[in-house]
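This report refers to the structure that appears directly beneath it.
Lettered A, B, C and D in written order, each chain numbered from 1.
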Amino acid sequence: MTETPDPETLAQRVQDGELRLHELDDEVDAVTAAAARRRLLADETEADLTTVADYAFDAEQATETAVENLIGGAQVPMGMVGPIQINDGDDDGAVSGDKYLPLATTEGALLASVNRGCAAMRNDGGATARVLQNAMTRAPVFRVADVGEAAEVAAWVRENFDVLAETAESTTSHGELTSATPHVVGDSVFVRFAYDTKDAMGMNMATIATQEAADHIETETPAELVALSGNLCSDKKPAAVNAVNGRGRTVSADVTLSRETVADVLKTTPDAIAEANTRKNLVGSAKAGSLGFNAHAANTIAAAFLATGQDIAQVVEGSNAITTVDVRDGGDTLYASLSIASLEVGTVGGGTKLPTQAESLDVVGVRGGGDPAGSNADALAEVITTAALGGELSLLGALASSHLASAHEELGR
Amino acid sequence: MTETPDPETLAQRVQDGELRLHELDDEVDAVTAAAARRRLLADETEADLTTVADYAFDAEQATETAVENLIGGAQVPMGMVGPIQINDGDDDGAVSGDKYLPLATTEGALLASVNRGCAAMRNDGGATARVLQNAMTRAPVFRVADVGEAAEVAAWVRENFDVLAETAESTTSHGELTSATPHVVGDSVFVRFAYDTKDAMGMNMATIATQEAADHIETETPAELVALSGNLCSDKKPAAVNAVNGRGRTVSADVTLSRETVADVLKTTPDAIAEANTRKNLVGSAKAGSLGFNAHAANTIAAAFLATGQDIAQVVEGSNAITTVDVRDGGDTLYASLSIASLEVGTVGGGTKLPTQAESLDVVGVRGGGDPAGSNADALAEVITTAALGGELSLLGALASSHLASAHEELGR
Amino acid sequence: MTETPDPETLAQRVQDGELRLHELDDEVDAVTAAAARRRLLADETEADLTTVADYAFDAEQATETAVENLIGGAQVPMGMVGPIQINDGDDDGAVSGDKYLPLATTEGALLASVNRGCAAMRNDGGATARVLQNAMTRAPVFRVADVGEAAEVAAWVRENFDVLAETAESTTSHGELTSATPHVVGDSVFVRFAYDTKDAMGMNMATIATQEAADHIETETPAELVALSGNLCSDKKPAAVNAVNGRGRTVSADVTLSRETVADVLKTTPDAIAEANTRKNLVGSAKAGSLGFNAHAANTIAAAFLATGQDIAQVVEGSNAITTVDVRDGGDTLYASLSIASLEVGTVGGGTKLPTQAESLDVVGVRGGGDPAGSNADALAEVITTAALGGELSLLGALASSHLASAHEELGR
Amino acid sequence: MTETPDPETLAQRVQDGELRLHELDDEVDAVTAAAARRRLLADETEADLTTVADYAFDAEQATETAVENLIGGAQVPMGMVGPIQINDGDDDGAVSGDKYLPLATTEGALLASVNRGCAAMRNDGGATARVLQNAMTRAPVFRVADVGEAAEVAAWVRENFDVLAETAESTTSHGELTSATPHVVGDSVFVRFAYDTKDAMGMNMATIATQEAADHIETETPAELVALSGNLCSDKKPAAVNAVNGRGRTVSADVTLSRETVADVLKTTPDAIAEANTRKNLVGSAKAGSLGFNAHAANTIAAAFLATGQDIAQVVEGSNAITTVDVRDGGDTLYASLSIASLEVGTVGGGTKLPTQAESLDVVGVRGGGDPAGSNADALAEVITTAALGGELSLLGALASSHLASAHEELGR
C-alpha cells in the first residue's frame, strides 16, 4: 500500500501540469488535498494561509456538499443577541417565548443595535410575528412557435395543475406544489412553480421537482424547455416578482412600545422615529426606486444567514422588506413593524449541516426538521424577522437622534 | 491581584442578573467573556458550542471592531477558483495576468461552475475588465418648511459644491467628494453625496464626511437634518438609484469565446447560450420586474465577499448586474459580458483585517492600500466581476443543456 | 315662464359671486352653462374659445358623465391605420381578418410608422394575437391591530372566496370575481380583487363590487377599511404588480417576416432589427430600471385610447409592454412580438359613448357589448396590440437605419 | 383645369387599388382626402363617421404636422378647474396668482374632485409650486468592441462635454445641452444627453441635437451608433431613470391646510388624510413595486395634457409622482405636497398649435414662448402640478371618508 503523498509533492504535480486542482480529491483525502492547494497558493501568490487551514468542519463532507477545490475555512466573528421575546397569542405563530440568535458579521455596532431594539421590545411585553406564506419558487422558460401556441400552453398549465403537482411531487418526500402560474412574453412561456418545502429552504427540491414537471409539459404540449430557471423565480436577483408575490417565507413582526421605553431605551420620541421612518424608509426609498423600504434589515438578515447556515446570496431577496411606524394614542405609543416578502430559510440541508451553523441553530432551538414539518423553518423566519425589527427600531432611534456617525465612530472602528 | 473569574461563575452572574451580557467585556478579557456567553447559552438552550469556540481570529480585536457579545466564530468552507486570466490591454485596467480567488460558500457546485467558466475564458486568451466609476454614496434627508425652501436648499447645494467638498474632506485623509446631488420630495430634501474612497469600501468614511457636510448645510440653509441616511444612498436595499447611477465600483468584464471552446468546455453552442441568456436573463428578468439581469452573479459575489472580508449585506447591491451575450461571426464566436452597477469592495478596513480574510486578499494580491490609492480595490472589483462572468457562462451553458437539476444532484448534495 | 338667461348675464352673476361655476348647471341647460363659462374665461383671461365651443357631442350627456364645469371640447386630429391583418388560427383569438383602427394624436409620423409596420405584416400573411388574461383589479387597504390579526384576516379572505365572490357579484350583472389575494404589511392588509368585467374596462364595476366585499370583510373580521383603493390595484401608476401579474387585458401579438419584407418595407435586415431591439428595448430598458421593454408602444396605445374612448390616463399601465425579436432560419426570418401586461380597454361605458369615439369603435367593428360578452373588448385589445407591434417594427427598422431624427424632420414638423 | 374629384370617386379608386390611402394627400386637398377616407371606411366597415367629420382644426396643417391618413377629429369634453391659487413668495416660482386650467377627460367626477381640492387650497391662502429641474433627455446606444473600448468611449464623453455641447447646440436656436452621462453595459455604451429646451417639450429638439452629437462621437471614437434612442432616455416608458433623475420638468407643489378647511371642504380630518396617504400612497405603492406614490395624479395630468396640446403618451412619465402628507401642530394643520419627477410639457410646437389646445393655453396665459424663454412651460408645469395636488387632496379626503364608490355612483355614471 502506498503512502499518502505529501502536500508539497502534490502541489508540485499540479504546477507541473500532471494533475488538475480538482483532481487532487481523487488522489488523496480532502484534508491533504486542501493542504496541497494551500501550498500551491503559497508558492504562486506568497499568501500565508495559516488561519485558513484552521477549520473545524469535516473536510470530506465540505468537499462533497459545499465547495470544490477546498483550501480551508473562512471565519467570521459571531456574537449573540437576545433574549428576543416573541408572543404567539393564541398559539398562532410558530415560536413563543425568549430566544437567543447568533449573528456573524464584521459590521461593528450591528449586534449592539439589534440588542438595543430587543431590549426595547422586551421592556413592553415583546413582539408578535407571523409567517404569512411559504412558497419556494422555480420558473422554467419554454420556447413555443408563436403567441397562439403560447396561449395553448398557458391554458394547458392552468387546466392540469393536478397532473403537474403529482409529477413534481413524485421527486420529493416532503415538498408540495402549491401553484403553477404561466406568464407569456411572445414566444416564451414562463411557468412559476411554487412549493411548500417544509423545513428546507427548498431551492434544490424545487429545482428537481420542476425539472420533472417541465419534462411533462414538454411531453404534453408543444413547449420546449430552454432553461430550467427563467428568472421569474427569481433567485438571488432584486426582483419585484418576489417583493410583490413573495418567495420562501413571507413574514411580518411587530411591536408596540410606550413613550417611556422609546425615551429610556431608544433615547428619542415616538414622533421622531415616525418622522425618520416616513422620510427615510418610505419617501426616500420611493424616490430611490427601491424594493426595500427599510433601514438596514439586510444587515441582520445577512448576519443571521451566515450564523445559521442559510444561503447568504439570498440576502438579496431578504432585503425586500418594508418597515412601518405609527404613532398612536396621541404620541404615547409607537407601533413598528417589519414585513419581509421573501425570506428564504431552512433548518435542514445545505449550510445548516456545518458544525458552527448547526450549533447556532441549536441556540435558536430549531435545528433539523420540525414537528410538524416546516415549523422549525417558520420559527427561524419569525426569530430573524423580529431581530431585524429590533435593528430597525434601534437604527431609526439613532438616526432620529442624529447619532449614526458617532455610533459608528465609537463602536465601529 | 484577583484571578480572572471562570466562565461558569460569570455565566451564573449574568443569569442572576448581576451582570449584563455585554458588560462581560468590562469584567474580563474577550476570550473569557466569549466563553462565559457560550456557557450561558449552553445552560439556557442546551446548545453545545464546541466548534463555535474554535476560532482563529483575535477575540479582543473582533470585540472592538466587528461584533458585540462575542461567542466565537462562524466557519464556512472556502475553496479556490482560477487562474482567472485578465488582460488589461494598454494597461488601462487595474489588474492583469492570472489571478486566483478564494470563495467561501455552502452552495455546492458553485466553485466548479465558476472554474469551468474560467477555464473557457483561459482557453481563448482571457477576459477584459474595467472599473468605470468609483462612487460610494451617502444621502441624508433634511426637513424644510415647504417646496419654496426646498428649491432654495437644492440651489444652495448645487452652487456650493466646493464648500461642501472642503467640509466633507476635512474628516478624511483619503476620501474625495465627487458629487452632491439634491433631490426634492415635498418638504424633504435629499442630497446624495458621492465619494472616491480609494481602497476602502468607504461606507464609514462617507458617513462621517457627510455628517460634517450635513452640519454645514444646516448652518447655511434653513434645512434641518432628519436622518443622516435618507435611503437615497441606497445602502443594502435593492434600489434603482444604484442600478442606474452606480454605487461603489461600477465594473464590467467581458470575453470572446470560440465555437470550439463553447463546445469543448461549456458543452453547448454559442446560439444556445445566447438563447438562454435572452429568454432568461433579459426577457425573464424584464417580466419579473427585476433590477438583476443575470443568472447567478450574486452567488459568486457573496462567496467572494465572505472570503475577502467585504460586507456581505452589500451582496444586495452587487446583484444589480446585467449579463449580455452576442453571437458573432455567423455563430462562430460568443461574446459575453457582465456589468455590475454597484459592487462595493475594499481592501482596507472592516472585515479585511480578519485573519482568514486577510490571507484571502493575499491570494488575490490586493491586501491593504494600493499604489496608487484605490488600485487594490479596483483590482479586486475586476477579479470578482470576471469570476462572476465565468459563473454566468458556466450556468448559461448548463441551462442551455438542461443540466441544472442533474448538476445539482451530482455536485450539490 | 322665464326666458333662459344669456351667457353674459350668467357669467356676470358668477363674477359677482352670486353663483358658483358648477351651479350654472342647476340654472340653465348644459349648452348655455358652457357658453357662460367660456364667457367668464374670455373676460378673465382674454382667451378666445371659439373652437372649444365647436363640439359635436351632447353637452347634457357630457356634463352628466364625463366632465364637470363643461366649457366645450378638445379636438385632436384622427387618422386611420390598416388594414391590420390578424389570423386567429383555429378560431382561438378574438378577432380575425383585416381591421382598420382610428388613431388620434399630435405625434407626427406615428401613423405612418404604424402603417408601415402593418404593411410589413400584411406582406407575410399577417399577425397572430391572443388575450391571455382578463383581470380588472381593485385593492382596498384595511387597518388591523397587529400582524397576528393581519394573519387572521388574510386567512379569512383565502378561506372565504366564495362568500366574497357572491357578495361582490351582487352589485353587478356582468362582472365575475376571479381572485382575491391578501397581502400583509405590518398592520395594513391589502386585498387585491380581480374581476372579469366582460366588455367594460371595468374600473367602476370593480370599485362598486369591491366596496360591497370590503364591507363584508369589515363585518366578518376585525379589519377596518382605510381606503377602497390601497394602490396595490394599481390604477394609473407605473407599478410592477401590473407588469408582473397583469391588469385588464394581458395580450400578446406576434408576426414572422421574411428577409425580403424586412428589406423592402422596413429598409433594413432582420439582424439589424434584432440588434436594435436587444441593445435598446432589452439592455437599455434593463439599465434604465424600466417596466417597459419596448420602443414606443405607448404612442400607439395613447392614440388608440383617445380615438376609441378609453381612459387615457391608463396609458400608464399600457406601457408595461415587452417587445421581443428573434432572428430565425440563419437570418432569413424575423420573429417579432409585443406583449402588453396591462391593457385596460372596454367597448361599453365611459368614453366609448362619445360620438366620435363610438364611430371609431364602429370602424373596428367592436362597439358595445360583444357576443359572447367580453369578446368585443378582447378583439379591441388584440387590434391595438397588433397595431402597436406594427409601430414597434417600424421604429426599430428606422432606428436600425439611423433614421429617427430625419424621419421626424421630414414628417414631424 | 380639372375639378377636384369627389370623395366617392377617390374612395373607389383606393378600393380598386389605383391609389393608396396616404396617396390621397397627393391628389387632393386634405379636407377632401379625409372625406374620401371616411367614405372608404363607411363602405368597408359600415361606420357612420358624421361627428368625426366635424372638426375645427385646419386639415392641411394637421396632415402636415400631426397625423397621416387624416379622417377627421376626436373630440373629448373639456371643462375648467380653478381658480388655482399659487403664491410664488419672493418671486421665485414661475407663476403667481389665480389660474384657471382646462381639463379634457371622460373620467366623470375628476374635475369636481380637482376643484374641491383647489377650493380647499384657496381657503387657506393657496399653494406654493417650484420647477426644480428642466432636462429633456435623449440617450443613444452605441456598439463597441469590448469593455476596454467602452471605458475609452465613456472617458471621451466625460472629457469632451464642451465639444458635444457645441455640436449638439449647433442644430437648435434655443436648446442647451446641460449634461451627457455615459453608461456602459458590456459592449453597449449609452449616453444620456440632457437639454434645457426652454418652452418646448423638446423631444424633437433633443433628438435632432443628439443625432449631431452622436455623429461626432462616431467620428471621434470607435463607437458605432446602433439606435438614436437606447431607452435610457427614457421616453414613454415607466422607468426608474426618470423617477430618480428626472426628465422634462421636475416640479413640486405643496399647501398647508387648517383643520377647519379639511373638515369643511374635504369632509374629514388631517389625521384621516394622513393615514390614507401613508397606507395607500406610500405603503401600498411600496408593496406594489411602484414608481408612482400618489393617488391619481395621472388623471389630472392626462386631462391637462389633452386640453393643452401635450403628448398624451408622456402621461406615463408624469405618473412618476410622490404625494406626501404631514400632520402638524398636533393635528391642527395638514401639510400636503405633490412632487412630479418627469413632467414633460411645452407651450410651443407639437399639439400646442391645434386650435382648441391653443385656446386652452390662452386660458392659462402661457401660449407660445415665454419671457424669459422657458418661463411659460415652467408656469404650465407648476399649474398642472398644483391642480394635480388638488386632485390628490380631494381623492384622499374621499377615500378617508370611504366615499370613493358612492362618489363614482353619483357623479361618474
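Quick note on the criterion: a contact is a pair of C-beta atoms (placed from the backbone, for glycine too) under 8 Å apart; a residue touches a chain by one contact, two chains touch by 3 or more.
Quantities reported herein were computed from a predicted structural model and do not represent experimental measurements.
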Required steps from chain B to chain D (each step between touching chains, minimum): 1
Pair of chains joined by more contacts [C-beta pairs], A-B or A-D: A-B
Cα-centroid distance, chain A relative to chain D, in whole angstrom: 42
Length of the line joining the C-alpha centres of chain A and chain C, rounded to whole Å: 39
Geometric centre distance via CA averages, chain B-chain A, whole Å: 16
Contacts with two or more other chains, residues of chain A listed in rising order: 183, 185-186, 188, 240-241, 243-244, 283, 285-289, 291, 293, 322, 324
Residue ranges of chain A in contact with chain C within the complex: 88-89, 92-93, 128-130, 132, 146-148, 150-152, 154, 183-188, 240-241, 243-245, 250, 252-254, 256, 289, 322, 324, 326, 335-339
List of chain B residues in touch with chain C within their complex: 240, 243-244, 278, 282-283, 285-289, 291, 293, 322, 324
